[in-house]
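There are structures below to look over.
Common to both upcoming complexes is chain A, partnered first by chain B, then by chain C.
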Partner chain A sequence: MSPTTHRRTAPGAATPRRRAQRRKRTIACLFVLPALLLLGALVVYPVIFSVGRSLFDASGTEFVGVGNYTEMFRDPATLTAIRNSTLWVVVAPALLTGLGLVLAVLTEKIRWATAFKLLMFLPMAVSFLAAGIIFRLAYEHDPDKGVLNAAVVGVHDAFSDPSPYPTARAREGHGVEPGEGGSYVTGATAGPGDTVTLGFVGIAPKDLPEGAGPAAAPSAATEELRGVVHLDFVPGGGGEAGRVDDGESGLPGMAVEALDGGGAVAARTTTAADGSFSFAGLAPGAYTLRLPGENFAEPWSGVSWLGPALVTPAIIGAYLWIWTGFAMVLIGAGLAALPRETLEAARMDGANEWQIFRRITVPLLAPVLTVVFVTLVINVMKVFDLVYIIAPGTVQEEANVLATQMWLVSFGGGNDQGLGSALAVLLLLLVVPAMIFNVRRFRRSQS
Partner chain B sequence: MRRTTNRSAHRAGRAGRVRRTATASGAALALALTAAACGDGDTTGPASEGEFSGQTVTVAGVWTGTEQENFQKVLDAFSEKTGAKTDFLSTGDNVSTVIGSKIQGGDAPEVVMVPQVGVLNQFADNGWLTPLSSDVEQDASQNFANVWKDYGTVDGEYYGLYFKAAHKSLVWYSPDAFAQAGVEAPDSYAAMMETAGTISDSGLPAFSVAGQDGWTLTDWFENVYLSQAGPEKYDELAEHNLPWTDRSVVDALTTLGELFAEDDLLADGAAGALRTDFPTSVQKVFGPEPQAGMVYEGDFVGALVTNDFGRTLGEDADFFPFPAVDGGEAPVVSGGDAAVVLKDGKNQEAAMALMKFLASPEAAAVWAEAGGYLSPNKELDLSSYGDDLTRQTAESLVEAGDTVRFDMSDQAPAAFGGTAGKGEWKILQDFLRDPSDPEATAAELEKAAAAAFKG
Partner chain C sequence: MSTHDTLERSPAGPPARALAGASAAGARRRRGPVARLTSWLSGGLVQALLIVVALVWITPLAGLLFSSLRDEETNATSGWWTALTEPAQLSFDNYSELLADSGIVQAFWNTVMISVPTTFLVVAVAALAGYAFAWLEFPGRDAVFLLVVALLVVPVQIGLLPIAELFGRLGLYGTIPGVVLFHVAYGLPFAVFLLRNYFAEIPKEMLEAARIDGGGEARIFVRLVLPLGRPAIASLAIFQFLWVWNDMLVALLFANTSSQPLTVALQSEMRQFGSNIGILAPGAFLSLIVPVLVFFAFQRHFVQGVMAGSVK
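For the complex of A and B:
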């Protein structure tokens, strides 16, 4: 090992250098080893294991080849998950990058920029779990609980009056049938001199309008077409269906229309406090009575945010709330590093702000925008917690993305880790292009 | 308390079965859980002279809070009688993982109270259990209806002694709503639908259905099915020997669909029911602003009604048994906690003595007096129960004798009967949303069941 031995052998003049090099390499290997071991144990081995596992059935004993992969694309639940994941990847990163860019450019011009940025960034400090619970509440259907529906319903109600009897329905089998548009019509016709009794049920005593009095007993009419609209139910039971009994209430404020043979409205009136109405001066003939749908229109209960149709957009909304700050801050940093002189030169040449934004800012920011976009794509692929928490059990299948589906299939009740592994491999394959792109771009920027 | 534990027990068993295949990955977690759970141990019992003085019997179970305290009273009575010391170990929700790690760690409790028939089967399959002695078996045959013994038997060996039962065939109603509509508690399913119609005429939707929680829908179906198709078919279907496409399933779904299709009969309609979870469904009937007249679920509704909504059972809250459908027997769907003896427990004899004690009416009386408890023990004097409603529930349970059936979805693999957004839960939710095609629903149920029972 001593230098003297080397000097003795003439042809090996390069050996010390080679030795030193070898030693250097050994040391390098030693230093890399822990990282390699960790990577191997925590990344490479699980990936290989998952790929292997995906070729076996649920119990892990029987080799099924690509069986799990074909099963995967036959299962409608997985197809929904793939569709949703695609929607997420297409919509969320693009929206976020766009929003971040717009906000970053705008905050450059305002005075309280830092405070604003801080506010926008705050949701990043909230865990996905907590954010999920917050949004689950915000999206709640009941306007008394969900703030979004409270707002929507509030605005809606400001423009339209609620109907007097949303829960009412005609007593079946007593001459009044459901008609078009939520209205009710009489089965038989009546003319001047007739008296009709129109019984309705399904109205709680507390829901009766103020001033509703006991129903008027139908009096024999002389020349008019008369009648009474009443609540055909005696509180506490009793009474006979299709007749005005003691203790039954009239239904005031109900619009009643008389339709002639052609179906045109010949006359219209509104019931009195005791539910009675009459059409004076009606030409002789046979009329059908109609109680238009406006009497019974149900109050608008708001948007079903967490229904099957809107649940994925709703969850993407929650995701935007969390990540906009991130995109904005990153793009803002890129913006601050832009060469001022280019912008000033453009201004000197008479470009307006929009032109500067389109032709200067965005192209110069492109590398930063790409970083943000690709990072978000990878992030969106693995979104799990928000979907799992916000989607109620009833629409979970409609809201599932690949990551939740993978978990559900393997552990959340499916108990099929073979199929779950196949899904994991699919997810990996989908993320890999984004990863490769990121690594390439990273290398390029380094060289 | 009882409500939460009942519901958590519901989940615990299901989760337990799910995790069976994930034991390896769950082991570390299990250790942590156990470490946390160990703190709950509570040693009591006077070290008096007796047959087993100096020995300790450790009992593990999901109970916490009031339930744990009341069960401790039962254990204390045992200690007094035999001199054995007793220890209760609260396992939290995940019984099977905790017990599994305890066995691996050489620290197995002598007795475990398993909350579900599926978990019991799993324990027996794993070879963890000691069959009960012929002595205990004899007592059990004497004191319980056969069905309870059958549910405690796996592959011909009797392992599980059902000590605590649940009654899941009760329709809870608001007496105010019934008075307002002028109706009485109905005695048949057809009469119940008529009653529902009258209540709805009075301006209050008749039923509050917790469609957001799939398990309430499976319970609805099971009650209708058990009464309409009979216990034999129920058993066949529970084991999936009968396909779900069978005529009887379609009939039961049709019967159920007649209720689900009537938006006037459901609080907030079917769409609203799908947004209602179980506690809310009870609140809709017994809360400050009643929105419905009746809600169907098990005896644990009682605790919710008294504790959370301040009602008094028998006065402003009442129930009637789930009525018979189409002239069948009134259904009694049940469930319960079974005591089993672990092979690895150190004091086998003392453990067996505890089983014998638990099989006696004496042990059941201790908890019955403390409240919040139903015993399947038919020798138990009904006067031991603290209030009339519990007494009626217990009576109905004991009188049902061998026609009692366990919750079907609890017996099925979790993928079919116990997972939110999947299998039976999801399909019945879809059926609630659109009950127009019972046959298609039955076909879907069969597809899901076939996949789950195969796996």
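For the complex of A and C:
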């Protein structure tokens, strides 16, 4: 309804009424004035100012038209930011909505739903800065510091044994030479009845495997090729290089292969606690012994989460941690409002849980899912703090999104306020569809 | 879409459906041990899955807490989870050191001095405007309110450059009032939207009765509208408080070293992340403990406040 309709009601005789009307209007204006002044000066005016400013160059003196907007798509750093922002918008809202939906449905089936929802929602209370620090810690590359890599390496090592002696190397000049693929081979050959001593260094005594016993020089046996792999180093000094001395430790768990003249593996064994090994039943002949590279492989140190390749997915992961609770609780509220009878009827009709989910729950939830999705798209476009905090300085450029790029260009050394304004206007243009969505939704709710 | 046509389209078809319904009812009456076992198992599976999810969600937070309680050297050489088996690693030394740092303490108070007035101002200004938009008449009311709805999603980035310049001219740049004003302005669209919609639900008769009783608008606002709007106002206040408490971007630009909040003070330590964990981890914990306490104290209002913007 429009206030003008009142003015026309009773011509002539309405002076007191009119005065009352005017008074009412004045009061109304006093009520809205503070809000309108603030919004006008600090939100509407900056929009207009930014649009204007984006048409001028860095110093603001020369008119460049749409120059800043075309520059945006030429500048490689800004292009990276546009690409990353696209990745964010395509991946994060969809993942979050899906995850929120699945968790909301599952949460309905447990008794501790409230506790679970509280826990999941908790990260919403945490600042992006704190979340950034939390995930910088979690994403540390060193598996002894970063919990994520500790878990990943743990799983990896559970399926493939870690090599026991990554730092070991053969004592040079005593018959063991580096071979292919990080392996070590004996320079001379040996056969049944012979003994071999293989000395290694470069292992700190504290890094020796548990149960490693003192090494002893091998005793010959006619039918067997015997030997010992030992740490050729006496703690505290003494001892002679190339032979087994008192106080030297054996190297257990070392794989040893006997290679025949053609280089094929004739036999394979593993050293005992005192580092000794023996090959029984070898055909007479000359064999080269090889300690394969798997004994000495560097341990796998996990994923470089904050390296240039994975930094954006890693930051999106942190974002998921923060927002999943939001999506879940919102969708859960929608779920609680679904007509129980519909679901019950479907269940009575023999529909299984998947059919109910796919054919009933999701379609009925569509409006809520749309709201969650749109809210997330708007928020994802403006993501700033998390990227700014998590990405280490060296990969900042690879991780940049529009909001951080706008910041860097305008204030972070770039000092090009023309291009900065253009980026801010671009950010605004990107949320215009959401603006229209909101206005439409509001008008529909009013009619 | 109704259940009816959903199931019509299922491969079983109508006759089979009746049968399935009958057998399902039958099954419920005499659920065999197998059926009970499968439902128990699937229930167990859901439980197990959600327990894993809960653990994954709590782990990063636990990491921060434990790291904040270990000294620099321990943090540099071993993972925080070793503290689970060696609790002797833990001490409050980092915290006492942090609280002895006058810069950090100042930043903490700045955070309070920014978020409390902002919350108060946003609620006051938005409640006045929300009431006017809902119940008072003035020219262009509905059009202006649509503009407010449109402003809901305007990114703060658009305000950074122009307002920095404006505040520079007004002498507000680098001051706490400047930061507060910026936050109030960008908090208003949501606040006005929320409160206007809430106030609009007040029954018309109540307001008319109050007007007939001779109450002026100001009196009605204070005596009737504000008390009735308390749930929405509480949600809004909590949401606004957390939003501003957690902000970094706005303060990064508009505050200087003497007016900067905790987030900005900590951010400046990020460059040497590895060697600064002794400050950053307890600092982050200090900055998140207030919002988390607010969260637990006002869970319901908090969740409603965060959700109100989207579901209505």
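Operating definition for what follows: the second predicted complex is superposed on the first by the 269 of 447 C-alpha atoms of A that agree within 3 Å, B and C clash if a C-alpha of one lies under 4 Å from a C-alpha of the other, contacts with A are read in each partner's own complex, and residues count from 1 in each chain.
The rule is simple: contacts are C-beta pairs under 8 Å (C-beta built on N, C-alpha and C of every residue); 3 or more make two chains touch, one makes a residue touch a chain.
None of these values were measured; they are calculated from a predicted model.
Peer 1: Going by the contact rule stated at the top, is it chain B or chain C that touches a larger number of residues on chain A?
Peer 2: Touched residues of chain A are more numerous for C.
Peer 1: Based on the superposed arrangement, let me know which partner A:348 touches: chain B (first), chain C (second), both, or neither?
Peer 2: In the superposition, A:348 contacts chain C only.
Peer 1: Tell me which partner A:363 touches in the superposition: chain B (first), chain C (second), both or neither.
Peer 2: In the superposition, A:363 contacts chain C only.
Peer 1: Does chain B (first) or chain C (second) touch A:393, or do both, or does neither?
Peer 2: both
Peer 1: On the A-aligned overlay, A:411 touches which partner chain: chain B = first, chain C = second, or both, or neither?
Peer 2: both
Peer 1: Just checking: does A:268 make contact with chain B only, chain C only, both, or neither of them? Give me first, second, both or neither.
Peer 2: Neither chain B nor chain C is touched by A:268.
Peer 1: Using the touch definition from the top, say if A:19 reaches chain B (first), chain C (second), both or neither.
Peer 2: neither
Peer 1: Could you tell me if A:119 is touching chain B, chain C, both of them or neither one (first, second, both, neither)?
Peer 2: second
Peer 1: Determine where on chain A the residues touched by chain B overlap those touched by chain C, and list them.
Peer 2: Comparing the two interfaces on chain A, one with chain B and one with chain C, the shared residues are 392-393, 411, 417.
Peer 1: Using the touch definition from the top, list the residues of chain A that touch chain B in their complex.
Peer 2: Its residues touching chain B are 58-59, 141-142, 167, 169, 171, 201-205, 207, 232-238, 304, 306, 391-397, 400, 408, 411-417.
Peer 1: Which of the residues in chain C end up touching chain A in this complex?
Peer 2: Listed in rising order, the residues are 1-3, 6-7, 10, 12, 17, 20-21, 23-25, 43, 46-47, 49-50, 53-54, 57-61, 63-64, 67, 75-81, 125-126, 128-129, 131-133, 136-139, 141, 144, 146, 148-163, 166, 181-182, 184-186, 188-189, 192, 216-218, 221, 242, 245-249, 253, 263, 266-267, 270-271, 273, 277, 280-281, 283-285, 287-288, 291-292, 294-296, 299, 302-303, 306-307, 309-312.
Peer 1: Over in the complex, which chain B residues touch chain A? Could you list them?
Peer 2: Touch residues, chain B against chain A: 14, 18-19, 21-22, 179-183, 198, 200-204, 211-214, 264, 271, 274-275, 413-415, 418-423, 425-426, 429, 455.
Peer 1: Which residues of chain A touch chain C in the complex?
Peer 2: Residues 3-4, 6, 24-25, 27-29, 31-32, 34-36, 38-39, 41-47, 49-50, 53, 103, 106-107, 109-110, 116, 118-130, 132-138, 143-147, 150, 321, 324, 326, 329-330, 333-334, 342, 345-351, 355, 359-360, 363-364, 368, 371-372, 374-375, 378, 381-382, 384-385, 388-389, 392-393, 403, 406-407, 410-411, 417, 420-421, 423-425, 427-428, 431, 434-435, 438-439, 442-443, 445.
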